[in-house]
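Okay, got some structures for you below.
In what comes next, chain A is part of two complexes: it sits with chain B in the first one and with chain C in the second one.
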Partner chain A sequence: MKPKFLILFSLLILLILNILFSISIGPVRIPFDSVTSTIFYYFMGDPYNRIYMLIIFYIRMPRVFLAVLVGAVLAISGLITQTIFRNPLGDPYLTGIASGAALGASIGFLISPFVVEPLAFAFAMLAVFITFIISRVDGEFSPEIMILAGIAVSFLFSALASYLIYLKEVNLRGVLFWLLGGLYGANWNDVFYLTIASLILFPLILYFVPEFDLMLMGDEQAKSMGVDTKRVKLITLLSSSIVTSFAVSMVGIIGFIGLVSPHIGRKIIGESHRFLLPASILIGANLLLASDTIARSNPGGEIPVGIITSFVGAPLLIYLLIRRRFFDRGN
Partner chain B sequence: MIEAIDLSVKIGKNQILKNLNFVIHEREKIAIIGPNGAGKTTLLRVLGGMLPYEGKLIINGKEISEYRRQDLAKLISYVPQIFYTPYTFTVEEFVKMGKYISIRNWWNAEGIDRYLDEVGILNLKARYVNTISGGELQKVLIARALAQNPRIIMLDEPTSHLDPKAVFELNRTIINLEKTVISVVHDINAAFNLYSKIMIMTNGQLYGIFSGKSKEFVDAISRIYQIEYEILDGKFIVPKGP
Partner chain C sequence: MKWSNVLAIIIVALVFLSIGYYAGQLNNHTIQAPQKIVVTDDLGRNVTIYLPIKRVVSMDPSNTQMMYAIGAGNLLVADTSYDWWPAQAKSLPKVEMDNGTASVEEVVSYNPNLVLATTIQSTQIIDQLESLGIPVLVLEPNNISGIYRDMYLLGNITGHKTGAINEVNYMKSYIGNITSKIANLPRLRVLYMLWPDPIYTAGNNTFINNIITTAGGINVAANLTGPWPIINNETVLQDNPQVILVDNDTGISNISYFKNNPVWENISAVQNNRVYIFNQTESNWMNEPGPLTIYAVRMVAQFLYPQVFNET
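Let's look at the complex of A and B:
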């Protein structure tokens, strides 16, 4: 097998092990082999251990799969943003999604817990659309303007959210926990809907893999090589924004995964998107799942996962940056 | 064939090109020469379909603005002036990208060695583009433009980063291409000796179109740069005097 396929395969194996490990960890410690046996016998229609089965299928699995999905969504969106904007600081929230979702959620917490998710999604999309409209120059998104427009829209929506939280008697702990992000509310419904959204929108992004490498050369170069940059930007940014807004409305604002996963991917598998895209997705899924396992196994109670993602992701990136300096392999 | 009729380009409020009229025939070798800020690069960009324009600009009987991006890329490729890439692609991958227009999954493209060979960089095939010199990168960009297999190739100061040997080799390559070549050059001797037609531009206007190796061209650049040039041995353009 070619080395790059081997890396992808290893990341996939790592993800499977990560999933089994995460399922076995929790207040009730389920031994590793019991996890596999319970899952195996469940599908054989023969309960291996009823308690284990309930814990695994109704408590841990939804959360584990949601972590995998959200990690994948954030990573793919982060990579798209970094590629289209040709900016290593690109992250999925660059177009104002986070602040939009925060404002929507804050309004939601004022009204009823049941409208937090839909309002967060609606306001995240509103922020994205405002950013998109501002950034159109001659009918095409200008990356330079979009970065600044995203920052402006983010600040505007954050200010509104802060004002609302400050002025009204909002459930502060609820809002704060939501803002820091967490998978504690995971259920099969979330997993189902996010899977559907990913199944629709990921192919729209993956379709443009041949164009992404060319987009890195700059809009003008990409155009002269025959890329319809307008179409690539519109479809990929819109798809990734929708699926990210959807994920954010479910789990809050989980930082760093979207920024760091593509960078880790580049360091281990190189720049070509046909490898980098799947690698980033697997890395994002692995990172968020591991972070969430740590976050929920804290003895003093659950920590917001956003804190852990930074604690796990930052040293990993720093290590890769330093390693590159000492053992430069031109890659 | 490229035909421009009253071609004008505005960027913001600035009029960059004013009422250009010219015709470029198949397989002509055109040099564009003129002082900095004359609009040479803008002319290449508008020919590449990167800029909106006024007037008419027709390639093969159709307005450039009406072409779809992929159809235009089959006709014209554009080698930009300064191009630095921090991205870690190999020279081979980079040149294969030029095949995108014919094979969407360009990484499967085969037979790019001849383009590398044509510009003399077959030995660089496995190197990363962020580790090679400016001159080498220039050649990689030209190889990529050739891989695009266009009818017209536009180059913006193609020899500006090269040493004398590379300049000599590259000029020979460019002139022997069986394509229409439109090249922005600053070296008046190269323009004089190598190109069949020379377009002189000043202040966004076309000062005139001259044949290569003509005395009229030398007189024109003498007026424009306000240096008196003369032709030595029918080959060299040098300032008059000691």
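Let's look at the complex of A and C:
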């Protein structure tokens, strides 16, 4: 097997082990053989420990799979942003999704906790559409303008959200907890809907993988090589924005995964998107799952996952950056 | 010796004597000036207070309530728009609060010689007021005996010692009456829910934990770290609380929130319909350490042991 396939295969094995490990640990200690026997007896219809069954099937499993999916969504979305904007600081929230979702959530908490998710999704998409409309110059989407437009829209939506939080009687606790982000409320419905959304939108992105490598050379170059840059940008950015907004409306704003996963991917597998895209997805899924498992297993109570993601991801990236430098000198 | 010299000596002596007398007067005067005492507040800060206390601004309902309860309510010149008890507290001039934080200018405009605050006020505001020579007492008891201590403190500095002693004795006997009724009953596991998703609850060293414990409950979150920890839902399943107390701020309006959920519906409290959702007043009792805390204790004890308190 080629080394790059080997790397992808190892990442996949790592993810499977990570999933098994994450299902077997948590704040409630369930011995590993009890985990396997509970699952086995549950499917065989034999008597099992009911509390263990509930914890494994209704609390841990949905949460573990949601972490995998959200990690994958953020990573793919981050990679697309970095590629299309040719900007190493690209992250999934560049087009205003985070601020849009925050505004939607704030309005939601003014009305009822039950409309928070749909409104967060709707306003995240609204922010994305405004950014897209502003960035359309001569029938083309300019990356430079889109970055600035995204920043402007982000600040505008954040200001509106802050205004609501500060001056209206918004349920402050609700908004703050929501903004922190986390996978605590995961259930099978979330996993189901996010899987459906990913199954619809990921193929639209994967279809353009060959074009991504050419896009890295700049719009003019890519065009001269026959890439319909406008179509690639519109379809891939829009699909990734929709699925990211969807994920954000479920779990809040989880930072860093989308930024760091593609960079880690580049360091271990190179720039070619044929390998980089699946690698980024697997890295994002592994990273968020590991972080969330640490966050929820803390015996003194849960820690917001964003704190752990940075603690896990930042040293990993720093290590890869330094190792590359020593490696280059050695040659 | 010439008479003139004698006269000069007498004059000089008189001048010195009068200076001395005047200086003595001056000295007497400073003794009669505002008396300074140093007290320690709930943050462990040493606060210098000038007696007598004449004008007090309260920046938190719990502080307002303690002042009225010991009979020192007439010293209050302003409180906040969150104040709701007693009725007089509602009609006092208001210090406008933006998200719980008061404007220094506005506080100063009431010319207080004491400001009462809780940790909700930012330290900058407290520092700013103190630099203007206005002492700020931060009173935020994290258990019931802390309320007694703060009431005694307020009683001492406002000259309402007897009022404070009477109020504390009343509270003690009120709570003692409740605890004696439930003394021999089995203690019940209680989950207090400040927010549902994630489940924020009250940890060990909190006022709410003390209320639950006093009313006969065992707070299932007492072993978590931090005052307001997140409790994981699998831990809740394992702890299997027999009673769930839900804060009004959660937005949860009835038990159906718990009933149709595969995790919650397996918890004892939900199965036995022992989920209690506070109304606004009940949430206030629970969250404002002061004279009304006795009602919070009674309320929780009633939820836990309805068989004992069926007369009300």
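Everything below uses one rule, namely that the second predicted complex is superposed on the first by the 308 of 331 C-alpha atoms of A that agree within 3 Å, B and C clash if a C-alpha of one lies under 4 Å from a C-alpha of the other, contacts with A are read in each partner's own complex, and residues count from 1 in each chain.
As a convention for this text, a contact is a pair of C-beta atoms (placed from the backbone, for glycine too) under 8 Å apart; a residue touches a chain by one contact, two chains touch by 3 or more.
Everything numeric in this text was worked out from a predicted model, so none of it was measured.
Legend: residue contacts after superposition of the two complexes on their common chain; A:225 is shown touching chain B, with no touch to chain C. Once chain A of one complex is fitted onto chain A of the other, the partner contacts of A:270 are limited to chain B, with no touch recorded for chain C. Contact with neither chain B nor chain C is seen for A:195 once the two complexes are overlaid on the shared chain. Once the two complexes are laid over each other on the shared chain, residue contacts for A:216 go to chain B alone; chain C is not touched.
In the superposition on chain A, A:10 makes contact with neither chain B nor chain C. After overlaying the two complexes on the shared chain, residue contacts for A:138 are found with chain B alone; chain C is out of touch. The residues of chain A shared by its contacts with chain B and with chain C come to none at all. Put simply, chain A touches chain C in their complex at residues 26-28, 50-51, 54-55, 58-60, 112-113, 166-167, 171-174, 177, 182, 184-185, 296, 300-303. Note for the complex: chain A touches chain B at residues 138, 210-211, 213-214, 216-217, 220-221, 223-229, 266, 270-272, 274, 330-331.
Residues of chain B that touch chain A in their complex: 45, 48-50, 52, 68-70, 72-74, 76-78, 80, 83, 85, 87-89, 93, 97-98, 100-101, 104-107, 128, 130-131, 144, 148.
Residues 98-99, 194-195, 197-200, 203, 221, 224-226, 229-235, 237-238, 240, 249, 251, 262-263, 266 of chain C touch chain A in their complex.
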